[in-house]
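Listed after this line are the structures, all set down as structure tokens.
Each of the two complexes below includes chain A, the first together with chain B, the second together with chain C.
Moving on, here comes the complex of A and B:
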């Protein structure tokens, strides 16, 4: 452990954990409250507020789930380089132990509002009627409880063992975590896929795509790795772990972000879109049609440029991945675009009546932009176009604040790097060449 | 070089397991690996295998001749199963051809140093598998004398391939993959070819290996250029590993046919390809290490790592099977549900359950360390995985086509003897090329495997810097 002792850096969060609660988490909670208040006071419907809330929840959930995936992957592959940054991932994943509290508004919304169409299926809708065995409130809640229990349990296991190893440095702990990691990865893949089917895909209950779980997984890698880099940077700016985490680690995190978050995401997103576009089966194209209309169209193009093209060019070379002043700025952009991705997944609503009333695509565009819903007299644009609301921003900043502010609590008494890990010397001495 | 353990399958997080066993130094590594090719006579088993492979290659040629002379009617392909064995075999062989580039490119980028023991012949296998794969669409087109119509060659008839068809994308995808894999394989081999040149005992050998070695002298400048080229090729080859089988999956997934059109196909095909490719690498590696005594370089740990990759990719394939099944029900589409239920319980249920047993159930033995370290078990499991992956393509191609939307055109596909012999013959082509490779080219990356030895590390232990790496 000579390499471990050589450094005289600050490896404790100290009072930063408490300060983060007061100055980040608390304002976050207030912002969410403000968003709820806004909904009471304005003509914003609860369904619309909750859609924004679901997007924000997905944003923080993907970051924490990404942390869990990263932790499991490092144990599974016996990685050496990543040990110095693994505690941050473990701490982010540990939020999964209590993140169900933030899910409560969605659960209430499912029962009390029309957020999920399948909760109030008209008797003549055979298609949705047949899905009721799976999409019904009770089973949906049981599944949600199961997902949170599994994620919380796994995150707790990895964090607890890792912190216990800080004290005794027992190599058997590493082996135990590696053993658990293999089945954990399978459980993770299944729970994550079905959670996103339940919470996001079923917002449009008639639509389906086998790739959806994988898309969400790629997005969670993107969100998490950007957060990981940013948190490491902020910790170092605050004078902590200044020597353990080096440009070499940033470069490797950047590579991961490039491969999984940028390129793999684009590959999955492209494959899903292209296959549905090419086969052109009406029951599948619904989901993308609305995302090609009005403001959503702009958002889709922004995703291509801002989620793939831009980050691809920025991260391709090794230099930006090692410039610790540039990389965090790129990551801030990435977190923004990650939220846009979640917003794009959750918010658009399929205008079924509008599509039924036209026969060609140009007619659809024309009707969407200028037409009026004959049943209600409201322009289609008013209901189905993108209308960002301040409450969305409140939800996003609020939930992000709550999660980031409380992340420190789980490691407030522990070291910021796993000092007992037998592979730590390898990680500290690690160089890219 | 004092106390290298003979067993490197231990699990000690504080220590990385040695990848070359038995007190080798740089010199003996070169000696041992070169001895495979320098022996005056190959082992008897090699001759036996070579004769059998040539026999099957002959069958392959004869079947193709018969096909050309008679027409594609000699196959079982007919309405509605227009894509029979040729496409199944094509997808099967392309899949096999994925492990090599995965090992050489992706595992290289992931710094998996154990890849050095197996990358060379996995890459060779990739190239031969792609050659086998490329043969099938070529002979499937009916009028073989206009095969060049597949390529966009400017012509006075202004006739172009249909660029909107994934079959044309295939031509490009496979062509690119083959080119880059070949370059990668060859670039990596240059230092070893120079070793062969320097050790050549006949004039002819010296000339041939000399030309192939491109004037390699092992100078620092050469190494610098070489490492850079290798890294660049690895980075370029990585997206290709994903793209090739994704494009192959598009052949199916862009269609509106239930069982073909599903969005998870691209990553699912890639995972399946790596799965089958690794199974084939092991099928070849296990006899090869036995035959030429290469157990110090392809150690039990290498094999164990490969079984783990088979378990991982097998799980991904299992995930895709389940997701397809679940979404077929969830979609509420009767055609989708029918396609899935028909696969599992219809007229091809036997093929489906062979597939599930071999691809999903069999790899589960690798959860147990004893199975991961038992040569007979892993060899059997890998053979079964190869079989299962062939049947996976059979299930996808045949079940969906045989019973689609229109019950009046339903039919049962039966392969002819020409189909079966062509498939068997393609193994002859593959094995002949592979056996020739084993005899005349370095089957383990001599220069690269030395990088993993303690002497190569900066501040290494023991007799560091004893010899030049290419010596």
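Moving on, here comes the complex of A and C:
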């Protein structure tokens, strides 16, 4: 343990945890309240507000789920390098113990509004009628409770054991966590996939993609790793863990971000798009068609360039990953584009009626830009184009503030480094070749 | 520690048996000097001093990777990543040109025989259809980058190397077990048979011996 004792750095969060609650989480909660107030006062529908809320909820959920995945993965692979940054991941994952509170508005929206189409199936809709065995409010709520229980339990298990190990340094704790990690990874993969099918993909209950769960997983790695790098950077800027986390760790986190968040995400996103484009079946392509029109088109191109091409070129070389002032700046952009990704995923409305009213693609574009919905008299553009609202920004900044501000509470009395982990000396001495 | 000024070193001095027998033979050329160290710390400190002394044709041989030895030796970053980037970009371009020529072009091209590209309509998609291209481009990028990386790594390391002068040394066998070696080659501009030997002694080498090429 000589390596671990040599450092004289500050490894306690101290009063930063309390200050984060007051100055980050509290304004966050106020912002969400402001968003709700805005919806009351303006002509924004509750469905539209909740779509923005779901996107923001996905944003914070992906970050916490990514933390749980990262923690499980490090135990599963018995990784040595990551021990110095693992407590941050554990703390982010530990938010999963209470994040169901932020889910309540979505659950209320499911019951009280038309956020989810499958809650009010017309009797003549045979397709949705058949899906009601799975997509019905009661079963949906039971499943949601199950996901949160599993995630909260796993996150609690890893954080509690890791903190307990700080005191006694018992290597058996590490072995026990490694044993749990293997089944936990399977459970994580299944619950994560089903959760995103329930909460995001079922927004368009007639559309389906077998890639969707994996896409969400790739996005969660992206969001989490960018957050991890940023949190490490901010902790070091505030004078904590200044010696333990080095450029070597940043480089490895950057590698993870590059591999999982950038390349893997692009691989999955492309696979999903290409297969649907290639097969060209209307009930599948409709989901993508709306994302190729109007404002959504710009967002799609921004995702290709800003989520893949740009970060790919920036992170390809080893040097930017080791410039510990440049990498966090890249990560700020990453978090922005990660929210764009969630927004792009959740917000666009499935244009089934628009597609049904035309017979060719040029007609579709013409109808989208100039046509009017014959049933309601509202232009298609007003219904299907991108109309960002200030309430979306309130939800995003609000939920991000709440989650980030409360993250510190779970480790306020613990070390920011798992000082009892037998692999910590390996991590502190870690070097890339 | 011995004093380099006296020229008397307590370390053992040997030449390998075969080179002793043929020491008068002009055709046997000196490859370099092999210095043995017992600990990673010793070779680390020695490497720094060899580097600072300005030697360029020299190398360290250790049973396991010694952290930071690259820096101690003053080795610059390898050029390999740039070569791999070039190989990968070449693969991307080949992937694009291949698909474009075979599916969307309509002219003749001489590739050892005359071949003609023609516009090939598949399932009503546009002739030059972006979404389908990345697969082959991606695969060829990976293929050329991965194969190019291995081949060029071998090339830069001059592998496969079936013979190396160090292999003649009995002592050197422990380089795969528990000893650490520095070899300074005779072709180094700063290499002088006796001066370099004294220098290696002064670094704390437990033994210094000649290597014939």
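The working rule: the second predicted complex is superposed on the first by the 433 of 433 C-alpha atoms of A that agree within 3 Å, B and C clash if a C-alpha of one lies under 4 Å from a C-alpha of the other, contacts with A are read in each partner's own complex, and residues count from 1 in each chain.
What we mean here is this: a contact is a pair of C-beta atoms (placed from the backbone, for glycine too) under 8 Å apart; a residue touches a chain by one contact, two chains touch by 3 or more.
Everything numeric in this text was worked out from a predicted model, so none of it was measured.
Superposition model on chain A: chain B and chain C are shown in a clashing arrangement.
By the touch criterion stated above, A:407 is placed in contact with neither chain B nor chain C. Once the two complexes are laid over each other on the shared chain, residue contacts for A:278 go to chain B and to chain C alike. Residue contacts after overlaying the shared chain place A:127 against chain B, while chain C stays out of touching range.
In the superposition on chain A, no contact is made by A:95 with either chain B or chain C.
Using the contact criterion defined above for the overlaid structures, shared-chain residue A:214 touches chain B, although it does not reach chain C. Of the two partner chains, chain C is the only one touched by A:317; chain B is not. Judged by the number of chain A residues each one touches, B leads among chain B and chain C.
Annotation: chain A residues 274, 278, 280 touch chain B in one complex and chain C in the other.
Chain C makes touch with chain A in their complex at residues 65, 67-68, 70, 81, 85, 123-124, 131-132, 134-135. Contacts from chain A toward chain C in the complex involve residues 270, 273-274, 277-278, 280, 316-318, 429, 431, 433.
Those residues of chain A that touch chain B in the complex are listed here as 77-78, 80-81, 127-128, 130-131, 134, 171, 174-175, 178, 182, 186, 189-190, 193, 197, 206, 208-214, 255, 263, 267-268, 271-272, 274-276, 278-281, 283, 421-423, 426.
Taken together, the chain B residues at the contact with chain A in this complex read 11-14, 16, 109-111, 239, 242, 246, 250, 253-256, 261-267, 315, 319-320, 323-324, 327, 330-333, 367.
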